[in-house]
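This is the structure I have questions about; it appears just below.
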Amino acid sequence: MVGSPVLFIAIPLLAAFIIPLLGMIWKESVRILPGLVLVYLLTLSINLLGYVLDNGPIIEIIAGWTPPWGINLVFSAFSGFLVTLMLFLGLLVWIYSYRFKRNVDFEPAKKYFILLMMLITGSVGIVLTGDIFNQFVFIEIVGISAYALTAFYTGRDSAEASFKYLIMGSLSAGFLLLAIVILYSQLGTLNMADIARNIHTVKPVYKITALIFFIVGLGIEAEMFPLNGWAPDVYSQAPGPVGAAFAGIVVKSGVYAIIRIVYTIFDIEGAFDFLVIIGLITLLFAETAAIKQIRMKRMLAYSSIGQMGLVLVAFGIGTEAGVFAALFLMFNHAIIKSLLFYAGSYLVFNSKEKYINDVSGLGKSMPITSFLFALGAFAIVGLPPFAGFWSKLYFLIAAADSGMIMIIALILIVSIVEIVYYFRVVNKIYFSKKEAHVVPQRPTFNALFSMIVLGLIVIIIGFFPDLITGILHDASRDLMDKTDYINNVLSITH
Amino acid sequence: MEEIKSKIIERIKANFSDAKNKSYPGDRIDFSVNKETIPSILFYLKDEMGFKHLSHITCVDWLEENEFEVIFIIWSPLEKLKVFVRTRLDRDNPVMDNIDVIWRQAHTYEREMREMFGIQFNGLEAPQDFLLEDWEGMPPMRRDFDTEGYAAETFFERPGREDAKDVREILTERSGEIVPDFAKKYSR
Amino acid sequence: MMNDKNSQKIVDIIQNYARLHSLFVLAYGTGCGAIEIPPTMTSRYDAERFGIRGAATPRQADVLLITGYLTTKTLKRVIRVYEQMQDPKYVIGFGSCTINGGMYWDSYNTIKVLDKYLPVDVYINGCMPRPEAVIAGFVKLQSLIREGKAEGAKLYKDNLEQYRENQKKVIPNWVMPEYNW
Amino acid sequence: MEMIHLILIIFLGGAVLTYFAGKVNDILRDALFILSILVPAILFFTNVNPESYIDLSIAGFNMKWGITHFGWIFSLIVLGLGVIVSFYAVSFMKGRDKVGSFYFNFILSIGAMLGILLSQDFVSFFIFWEIMTWSSYLMVVYNGNQVQKIGIKYFVFSAVGAYAMLMAIVITHSITGSFLITDLIAVFPQLSNQMHILIPILFLIGFGVKSAMMPLHVWAPGAYSNTPMAYTSVFSGALSKMGVYGMVLIMITLISHIPEGHWFREVIAWMGAFTAVLGTLWAVAQDDAKKLLAYSSVAQLGYIITGVAIGTELAMLSALFLSILHALFKGTLFMAVGAIEKQTGTSNFTEVSGLIRKMPWTFLASLMAIIALAGIPPLGGFVGKWMLYESLINSNHYILVIMIFFSSTAAFLYCYKFLFGFFLGQEEKEWAHVKEAPALMVVPMIILAAGTFILGAYPGLILSPIDAGMQAIGFEATQGHYWEMSVILNQWGDQVVLQPIVYAIFAIFLFFFLFLFFKSRKNTRYVTTKDISSSGEVPLEHENLTFSQNFFQPFLRAVEPVMRRQIDKYYNEFGRGLEAIFDFGRRIYTGNGQTYAIYVIIFVIILLFFKNNLFG
Amino acid sequence: MEPILYKVFGAVVTIILAFVVGMTYMGLSRKITARVQNRVGPPVYQNFLDALKLISKKTAIHHGIMQMMGPAFFMVTSIGSLMFIPVLNDGRFFSNLNFEGDLVFLLYLMVFGPLGMALGAGQTGNPNSAIGVTRGLSQMVGFEIPWVMALVALMIQYDTTSIVGLMEAQSASGTWLVFSSPFAFIAAVLAMLGMFRYSPFDIVGAPTELASGPVAENGGKYLFTMMSSNSIFAFVKLTLYVDLFLGGADNLIELLIKTFAIYLIPMLYGLVSPRYRTEQAVRYFWGWPLFFGFLAIMYAVVF
């Protein structure tokens, strides 16, 4: 064991505070420090994950209070996998935005990286914590940094998007708090494992109400259907890397929170069906909305929502295969959607309105970016031999094994819609006449690097899915094994 | 009918100051106008008076007056009346406006007149020869064209018909018609 | 055997017999004479009993029937049609107009003597010749073929230059493929 | 390393290498392109034995690769056509842009098609299927701007098919727990009635799209006609056969295992016949050679589908024979159109005519291909059609015989239109400069056309492997010893001895041809097509007397009631309906913060209201 | 096993017979037409004179290789299909290629000729030829359908696709097929109207509209080849009808009588009919003939 899970929260938080101080001494350190932090954390998390896979979960107690009274952090295969994924994406975001256009100046760069570190802190915290109130706090941290990042490009639209996000976020926080209050009033504990152990004693009315408030509160981060109105605006107004960070990091933590609550804390069978239903509705509405979009980032945003709907459906299947598929979907979504956001935001970089039409004919002038975008599009609609195919296949197998034939049909139909709008863009990039007013923007080297890394992952996982399936299996087994989690957490002593 | 005729004549005269009417019995109305007025009077007759049908365009070669007379014959199916619109062109420079925008079929007549009389219609587009092929020289329907001379010069003649008299001479002799001098000039 | 003169003669006789009893007629309706052809073919006069039959195109035809006056413009087409016909071929001039111009003798655009331009085998006199006369003309042509005297095509071939000169005199713009068979 | 791996790696590596070699040197690129198809083909036919399999496991799925005797027939189409067309393609693509991506996709799709044939399990089958789909999609949109809609249409239909297939695959997996094709076939008879219907239908949609079956064919004309012709040969000749392959392999083997599969077969057979009829009629109406051939491909695939669906030995034999033959003659024809397009710049009948003297070899190849297509005796097409008719009559499908016969008679119309439109008619000055296509383009055409002739004279050459292949998928031996003698045994005891017929016809034909040719040669001369009997008029140089506009208008007037109903229209209506729904979906996201807040509240209220139904 | 020369001799005799009979029938048709129109008409042997004249005519030009191949294709088809048709019932002498005659094969063989001729016509570059060809092909699509339906009905009824088989079935049962499957006969006869291209279905040649259509540029030897092929083809078709519906013929006299009886149908029908337009002709065949075809098939299936 090479480190403690606490570091994942402490170091980025610390970095967020140190950045302005260091910036006074050496301006460039504002950029470099987050990278160093992320590299360190990533190596740490990979090491820890390797350890966890061999030796079982690490439970870290904070401030010496043992569960169920104190706050504890759980670095299991499931959460560890997500943390690693998030940190990896965070690192890519850092590489990508190292010399991103608007943060070249010192002040914006300072703000940007502070907020980014806070965002990562919060997201990682949500995943690692074993305490629901603590989770609430981290959600608020994520929320605040996310509102600010949304409004990073100071302007009317950004402010509006940010404000929408703020309203929704506040509402969700209220409901979340209500849910926590209900549970606390019934069980007198905030520790997840403890709640999970005793949940059967709670009256169904309270239980269900609490669950509903949880779902509503967390569903906003997880882009669940009627609660995801913020997403398109935010994605389209935030800077490109921030969009990728939202899709790859924030949303993942939201989904994690819901899954943890549905799978571990509550024992309500109906919740799984609810996830399937709400996931399907999310998917349907998001994809149908996406096909009518004329702006690049909005389209990607709706697509992202749809993918999360798919993830929810996969989790809703409730079997281990389902969870496995869901995790694979999350992984792919994180990688591919980041790739699409990166490449897409460069494609529409110099376009004023960010219309999809403006990417016409850029295949010639921006060959690599265009290729990567096309690769991402191919992968995300699930064409073999790219990564997206395997997750879709696993998902369908899991669904079929559970007998959800109609749902499979529905999802496949929606996938066709997805194909239509992604291929429309790819066609425009490669086979349309160039729009006269669009000046192609050469991606900076670091941006290109991060895109190529993602693209390589897409291809490599496509050809050798075995590289990732082992970890995913462990992670899914870990999530499914509820009693193990409870025992592990509650049996911990000094 | 006479009332309608006079009404039409009045209207035309009121609208076209250069229109000179010559009265004929029956269903015929006759105007003489300047060649510049032709398109407008035809338009007027077609659109305002109901003379929808162009029956014919023809040409008379007034050799003595050194003029061509172009005559448009149009017909009103409603009133059952026909109008002759005449105009005179200078024989040395026979140019007038093309009216095939008013009646499409005028095209054919104009092509014929162009070939047979040499009247030029401004803006008349015709792809190729109409009746004559590769004709050079004087248009054959002009009265000063020496048909017989041309034929004798161009075509072979079957022996045995050299002494045949001009049919026209025989006819004039037989009917006692007086042949004017200018006509004699162009016949053998 | 084929080089033998007598056997050639026998072949000729057989061929001529077939030819004269199978006349495919291309009736070139240039003038008013065209109206006399249908009665010739139909029930009352029944030219088909002589083996006379209408042909639709010059490639299939044996006889070119020129029915009436020829303007310079139509002359060009007639020459063209004649040259497209395959040997052996015959020309029948029909009506006074083809003989001496008829009533168009002094016209500026009608040729008067057809045989200056095309080799006419048989002329049928009259203005217009009646179907009886037409049939008589055909019978005359048949007897000429039988005797081997219907050599119009050969005449044309031998005197092509002279015919051309005459033709080009009235047809100034000569754009036709060469005739060399 | 297993040979199969090597072959597939050469395809993949060859594709990538060829693409990047294009940045260095054109000749290197061309050579690499040909080699990366030729080498695997040679390796495949020399080193891969049918019915020997290798197992491998990817991502927890057990896979099995190897070629069956049945797949071997199709590998003959894929690789044979692929190799021949690759030579053509080098010449065809000379001087065009995006050659690299063309080669890349070409190699990849050939490789994917071989992969499909090699896959004995559904996962790899599906993977290769999708690779084939998107590589061919990239070919469809090769021409860029104006074909985007067609490309999207193609891909959407392909995706519908692929996803239907995927659904069938995962359902299969949920039932059998295995992805092996043999396992499904073994388990299938024990399944429930529901599955007996559902699984074949899903597979049918999947394969029906690729083989352009009737209601799913609408992508085909556009896609076939807008792909570069060098690829269309493969597209129509080989790629569409993958649908047939799948259909035979899965549909027929499945259906023959269940008693109630009879009506199902009938439906497919009827759909095939309708495809044939309507495809033919549409082909007749086309003015563009590519479109004509595209619709003709649809129609020809209709025959094949009908044969497959009837599923008796003879019908299957004829369907497979026709598949191979279709690859040959349609490959030739598309290549011919490509050659003409390259030489003249157009493929429209109304624009080009009288090429017979300019491009005699192309004409010869097209003539032979057309005769084979029309199914006229000396060439191979007849053998296939004859077997089809015999099998249809034998299995009491009388109306189908009539329909197929109608379609194949009406096919003469477009056959003639193709030959006349390009090669016959007036020779225009505009095309006086046209030269015969380069040898590299002509020779492949001639080779394929000669193939049709050889198969007509010696159908046994190909019928015996087909017979072997059919036995491999559970058909009875079709009197094996007859094939070597090139004799087709009629089920009713009558014999058609084909070889003497071919010889006899050839002899007579030759005799009369020589008679007319030599007899009249010494005093016959060639005259231009301007020298025609046109009422004495001499057509001038600029006057084109070719009849090519509204070519079959009277016929089309006669069949007008059928032609009026276009399936495209229904799809468009459907699409418009969907658009409205999509619009509704978009409208939900109003972009207004208050609305979203209200959504949240409403959502909470609904959940609370229905909590017992949802979570109880 | 007869010696091969004997067979070849038989084949040559068959061809000559077909040529002579076909030509004579055409001559007869001209004569009969003339008599119906109250004319004397040409002699019966007129067509031979025409043929002789055409072969003695010069053929000085060609428009390309296909123009020569077209008539050759047609001739090959005519002779080829003649070879596959049993002329007499006990066809020892007329056994030709010792082939029992498959109907499907014959059907396809018989369309080869028109296609070849169409190619020849196309090569000449004459627009009239091409128009005639399109008309002919359209009409062919029209009449092939009832024709095939009639044949399919026969095949169903007697379970064979062989012409010999059908003839044997007739001699075994003692009734001609015209009585045992009347609807098939009606459909076939109606289709035959189009097959023989007499009016009202003479839209292909249509001398006054199309200048004799596909043969517009062909004179001399080409026309001779086409004419003789046509007459052989007519004989083929007539013999086929006799074989199929009238029980074949035991000797030549019977054959001539039966074929002529069949031949009279399209000829007399043509005498009293004006010409159809193409789409009318096509639709004609898809009206009553199609109905009778269906009836024939139903009849065959039921009985």
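Order of writing sets the labels: A, B, C, D and E. Residues in every chain begin at 1.
Heads up, the rule we're going with is that a contact is a pair of C-beta atoms (placed from the backbone, for glycine too) under 8 Å apart; a residue touches a chain by one contact, two chains touch by 3 or more.
These figures come from a predicted structure and were not determined experimentally.
A.B. asks: In the chain contact graph, what is the shortest path length, in steps, from chain B to chain D?
C.D. replies: 2
A.B. asks: Show me the overlap between the contact partners of chain A and those of chain C.
C.D. replies: Neighbours common to chain A and chain C are D.
A.B. asks: Comparing centres built from CA atoms, which chain ends up most distant from chain B?
C.D. replies: Comparing chain centres, A lies farthest from chain B.
A.B. asks: Which one of the chains is farthest from chain C, going by Cα centres?
C.D. replies: Ranked by distance of C-alpha centres from chain C, the top chain is A.
A.B. asks: B-C versus D-E: which interface comes out with more C-beta contact pairs?
C.D. replies: Result: the pair with more contacts is D-E.
A.B. asks: Centroid from C-alpha atoms only, then distance chain C to chain D, rounded to Å. What do you get?
C.D. replies: 58
A.B. asks: I'd like the Å distance between the centres of chain A and chain E, where a centre is the mean of that chain's Cα atoms.
C.D. replies: Going by mean C-alpha positions, chain A sits 79 Å from chain E.
A.B. asks: Using the average of all C-alpha atoms in each chain as its centre, how far is it in Å between chain A and chain D?
C.D. replies: 44
A.B. asks: Would you give the residues of chain C that are in contact with at least 2 other chains, written as numbers and ranges?
C.D. replies: In chain C, residues 57, 59, 76, 181 touch at least two other chains, as defined above.
A.B. asks: Would you give the residues of chain D that are in contact with at least 2 other chains, written as numbers and ranges?
C.D. replies: 523, 525, 527-528, 530-531, 533, 535
A.B. asks: Which two-chain combinations touch?
C.D. replies: A-D, B-C, C-D, C-E, D-E
A.B. asks: Where on chain E is chain C touching in the complex?
C.D. replies: Against chain C, the touching part of chain E is residues 30, 34, 37-43, 46, 49-50, 52-53, 56-61, 207-208, 210-212, 215-220, 223.
A.B. asks: Which residues of chain A touch chain D in the complex?
C.D. replies: Against chain D, the touching part of chain A is residues 160, 163-164, 167-168, 171-172, 175, 204, 208-209, 211-213, 215-216, 220, 226-227, 229-230, 232-233, 268, 270-271, 273-274, 284-289, 291-293, 302, 378, 381, 383-385, 389-390, 393, 396-397, 399-401, 403, 405, 408-409, 412-413, 415-417, 419-420, 423-424, 427-428, 430-433, 464-466, 469.
A.B. asks: Under the touch definition given earlier, write down the residues of chain C that touch chain D in their complex.
C.D. replies: Listed in rising order, the residues of chain C that touch chain D are 28, 57-59, 76-78, 80-81, 84, 175-177, 181.
A.B. asks: Which residues of chain D touch chain E in their complex?
C.D. replies: Touching chain E from chain D are residues 354, 356-357, 367, 374-377, 382, 385-386, 389-390, 393, 398-399, 401-402, 405-406, 409-410, 412-413, 415-416, 419-420, 423-427, 490, 492, 494-497, 500-501, 504-505, 508-509, 512-513, 515-517, 519-520, 523-535, 545-547, 551-552, 554-555, 557-559.
A.B. asks: Quick check: in the complex, which residue numbers of chain C touch chain B?
C.D. replies: Against chain B, the touching part of chain C is residues 72-73, 76, 99-101, 105-113, 116, 166, 169-173.
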